[in-house]
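What follows is a structure written as structure tokens; I'll ask about it next.
Letters A, B and C name the chains as they come in the text, with residue numbers starting at 1 for each one.
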Amino acid sequence: MAMTRGAKALSLIAALGVATATLSGCQSAVQLEDKKSEAPAEIVAGGTLHLAQAGDLAPMSVMAERAANGSWASSVLETLTMYDADMTPQPVLATDWTLSDDGLTMQLTLREGVKFHNGREMTADDVKFSIELSADPANAAQVGFIARTFTSITVDSPTQLTIEFGAPTPNVFDLFEQTPIVPEEAWKGFADGSSIIGTGPFAFDSWSPGAEAHLSRYDDYWGEPALLDDIEIAVITDSTAMLNAVRSGRADVALQMQPVDVTSLQADSSYKVINTSASAYPMGVSVEVAPFDKKEARQAIQYAVDRERIAEQVLGNDASRVTDLFWEPTVPGYPADLENYYSYDPEKAKDLLEQAGAVGAEVEITTLGLPANTAVAEIVRNNLEEVGLKPTLNVQEPQAWDANQVKGELGAMFLPLHGLGGVQPVTLLDRLPSLREGNPSHFWTDEYVELRTDLITATEDEYADALHALTEYVLDEAFTGVLVQSISQVVTTADVNGISFTSRGYVLAGDASISE
Amino acid sequence: MLKFLAKKIPSILLVLFATSIIAFLLPRMAPGDPAQAVAGSDATEEQVAAIRAAMGLDKSLFVQYLDWLGGFVRGDLGMSFVYNRPVSELILDRAESTIELALLASVFMIVLGIGLGVMGGAARSKTARVVADSVNTLLIAVPAFVVGLLLIILFGVVWRLLPVSGEVSLSEDFGIGFQYLLLPALALGLALAPGIARLLQTTMLATQGEDFVDLARAKGASPRRLTYRHVLRTSLGASIVAIGMRFGELFGGAIIIEAIFARNGLGQLIVQAVNSRDYLLVQVLIMAAVLIAVISQLLTEVVLAAMDPRIRLED
Amino acid sequence: MDRNDATRPVTVPSTQVLVTTRNAQRLLTPNATARRYLAAFRTPRGIVGGIILVLLVALALLAPVIFPGGYDQQGRGALAAPNLTHLFGTDELGRDILVRTVYGLRMDLSIIIVAVPISVVVGTALGLLGALSHFAGSFVQRVLDIILGFPGVVLGLCIVLIIGPGWTSLVIAIAITGLPVFGRQARASLLEQEQREYVTAARALGVSKRTILVRHILPNSVDPILVNAAVFVVAAIFIEAGLSIIGLGIQPPEPSLGTLLNVGMRFIEQSPMYILGPTLVLILLSMSFSLISDALNATVTRK
């Protein structure tokens, strides 16, 4: 019954003994890990790459361009074209494309000899199927709305496709960029992650939800076979745990690491930090709620916010850019002169508020309940209080926030987060909740519609002017305005080479290798 | 004893049934749903609605519950809305990790809890009692994640003795797996032990004033015999109750520990399930947790009865 | 007298030693009880615990006076280490951590002072229901089992999501989470007490169930409650932390010890001192309750 002191002592010693034996006798797990980080001597080909990401994979939503799939989707699945650094589409699965003069018909020529991971050759039927998947709302493709304007897709031959547009579609390459080509017979297997078949340099082996996934090299790849043997992806939700994983060598590449942790590794020369895609932190208001029905009030708050402090304290100067625009600088026709339309000017803000008769107004700021967003919201609240408003915060848990954003009901003032996804402004206009029809600002004037249409129908020469006009209008009306853009940063150990990223920030591991 | 256990089965089933209803309704009262989670934050209403219909979430709640119940009695725990896999498969995948953690953590919890409690309640040297008591007082106040963090710093950073991130299952490789398991289990055990220790210490100190102890002392029993044979034995009862109750807390504590040690167990699974409103997965996990709590309480009563002949297992 | 009264079959965990008196009857007049409890504060533990608690409460109450600027004085000097102007350093938005810790203490005390007693009283009452009705007692225990088994995260989340985030729902979530702890403990004490001679005697004499409960069983069950309450105070803060950090608790910028701990953990690499202040205060708070409950236990039970 009650253990005698002797028995207890004995069992403690026994336990210690087991522990010591395990630690010394058999292998030390720590030594194994250390060996992993002191990588194999000068091997360029072969080896396993270990990735860590903060959120679980989402293979059931490959069409939705979720950040969660950034670690693997572009290495396993491929698209028709891919943007280069200048946002010019480069051929991948499509080798040639011709647009008719009226801009309503496109002829696509597909690459030959491309094999899916299940052995079958890719044909134009697969491309048609994939585009139709994108158009189906149930697949939540963010660029699907582009495909829905197609009047027809005709398969002319196994390598030729003709698409008829309902109207000129300058952003068709955004669709091509983000629509993976998948085989019809395997689509069911995507839903539970049991068979994810693509054409990429890596095949998807397995996925343990919430835990890990495994990819291995596909030797029948149409291009240069990958250098790595396989890729292991671990899901690590806790930020400190992810940092530990990188530090201890358990992970070679870390995605979605917290900015503060990236900063702490940046100084260390055994790690590399790579900037990938951008996200925007806009500040929006509902033009139907006082005092924001007055333009002066809307502009006032844009002047009131200290964007520099947000960039510095919340995101880190290296991982952010202070800009009022929703567009990234790489976008063709980027209106650079409008970048800092609103400077930090509390005095001007106070004046404008007085003009609008909004001094002392009570404002509820709704924000997404993620750490960075909450910090941004606290700074904004502080700034607005300083210029004479009475702001309070309403931090919403992500699901609640998403549900409200989908409905377009975020209250008087709100601070969302939008991934910019490496697509054209024309696409962003319809894709970003803050800008599209039914936006939470309830802003949809005739002039706005007109300027949007001008941009969509603009020819190459007119494009920059049209973008400038639209941008200036949005800034002036101030129903929404970006506070800062954050730049996603990926951390790798110094011995990882050849990793690149799509404009969306997805990992391309085809040329990756681990070296001495 | 078997009769006792058999009589308990109806009430256990009742508890499970009640839990299933609560666990079914409660998450659905929260904003958002799995369709929203799958669609993503930038989706349109149309997209979310389409996904919702595909998931069958537009049927009435009553119908959905009955569908699930029907499958349940046939042994089918339901399908995850988000992962499109059977709930049972998802749980079994991760169960081993948490079971390992819980078992070793319980061992630590019991050993440390009782050890510290005895030291504080009956050690002969006053210093030992004071030390035990202070350690206990301190441990009670320190949060589990701070304990875990300290262990990580001490044994993973300052002295690189043990791995602090990730896991290897014991069935895969016992030696390596155990090293990965040690710190997390210790952290969890340390977090739960002080409550038990404190209770044991208190009851032991109180028992020392009891009549029967005086009697034993008068009869000439040695201090050690007094402590162990008489005081401790009678004091353990309260601690057994406390230990039994803490089995339920193991699951809750596992959530934090699994996060900071990057282990992929059921604790992480339920957090992810709640975050993505994966209703059926949440429901089944809740039922499992409650079942474990109920069973551990039963076992507590059984152990108590075994220890003390004055107690009879009666309903 | 046979300790196992055959007319009253119940499961009896052996907790009889929790409450011990040399004689079965002791003075239970309010005056005597109060004097006994106050005597606890003359013991060394009682003194230390009492002083710490008084200091903390005073600090919390006087916060607006000592730090009139409030808890949201943001600035450029973020994540500074402790120095002469900022004794605990600054946080990620440039605010003084000492100031925020004190205001956080204030917030947490306000939650604890309401939530824990509610949990104790309601939980104990539920647990002691078994004295009045055997069936009610068992039923309540099953309900408490369900609450206990419910993973804390999920329970708290659902409660708050349904009621709406903020102080009230936190108090309710904490109170409900604590019910099983006190309920089970009370029932254990109850079952143990019912076995004792004086209860059997009282029943034989025809004393009503309610009187037995209130005048005999209840006072003798109080002490383990104090122990559990001290432990529960800490648990309450962590529940608050877990919920606040996902936006379901105290809305920023208002600080609570829980949110400070959680945020501090994120910056543990960059600024390890961040978490030091709040952790220290948390430990002091919990220790004070611990010491006081020890003192009470010692004076009240030792005869």
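The rule is simple: a contact is a pair of C-beta atoms (placed from the backbone, for glycine too) under 8 Å apart; a residue touches a chain by one contact, two chains touch by 3 or more.
All figures in this text were calculated on a predicted structure; none of them were measured in a lab.
Enquirer: By CA centroid distance, what chain is farthest from chain B?
Expert: The most distant chain relative to chain B turns out to be A.
Enquirer: Using the touch rule from the top, work out which pair, A-C or B-C, shares more C-beta pairs.
Expert: B-C
Enquirer: Compute per-chain Cα centres, compare each with the mean of all protein Cα atoms, and return the closest chain.
Expert: The most central chain, going by mean C-alpha position, is B.
Enquirer: Could you grab the centroid distance between chain A and chain B? Build each centroid from C-alpha atoms only and quote it in angstrom.
Expert: 37
Enquirer: If you average the CA atoms of chain A and of chain C, how far apart do the two points sit, in angstrom?
Expert: Inter-chain centre distance comes to 44 Å.
Enquirer: Centroid of chain B to centroid of chain C, CA atoms only: how many Å?
Expert: Going by mean C-alpha positions, chain B sits 20 Å from chain C.
Enquirer: So which stretches of chain B touch two or more other chains?
Expert: In chain B, residues 30-31, 149, 236, 271, 307 touch at least two other chains, as defined above.
Enquirer: Residues of chain A touching 2+ other chains?
Expert: Chain A, residues with two or more chain partners: 240, 397, 400.
Enquirer: Which residue numbers or ranges of chain C touch two or more of the other chains?
Expert: 161, 265, 268
Enquirer: Using the touch definition up top, name the residues of chain B that touch chain A in the complex.
Expert: 30-33, 36-51, 53-54, 80, 82-85, 90, 93-94, 107, 111, 114-115, 149, 152, 156, 160-166, 168, 175-176, 178-180, 182, 224, 228-229, 232-233, 236, 259-262, 264, 268-269, 271-272, 275-277, 307
Enquirer: Across the complex, what residues on chain A touch chain B?
Expert: Chain A residues touching chain B: 1-5, 8, 11-12, 15, 18-19, 22-23, 25-30, 32-34, 56, 58, 60-61, 64, 66, 136-140, 142, 144, 191-193, 208-212, 234-238, 240-242, 244-245, 248, 250, 397-407, 417-419, 431-433, 438.
Enquirer: For the complex, give me every residue of chain A touching chain C.
Expert: 239-240, 243, 258, 260-261, 263-264, 309, 312-314, 369, 371, 374-375, 377-379, 381-382, 385, 392-397, 400
Enquirer: Could you pull out which chain C residues touch chain B in their complex?
Expert: Contacts found on chain C: 3-4, 9-20, 22, 138, 142, 145-146, 148-154, 157-158, 161-162, 180-181, 184-185, 188, 223-224, 227-228, 230-231, 234, 238, 261, 265, 268, 275, 279, 282-287, 290-291, 294, 297-298, 301-303.
Enquirer: Across the complex, what residues on chain C touch chain A?
Expert: My answer: residues 72, 74, 76, 78, 92-94, 161, 165, 246-248, 251-253, 263, 265-270.
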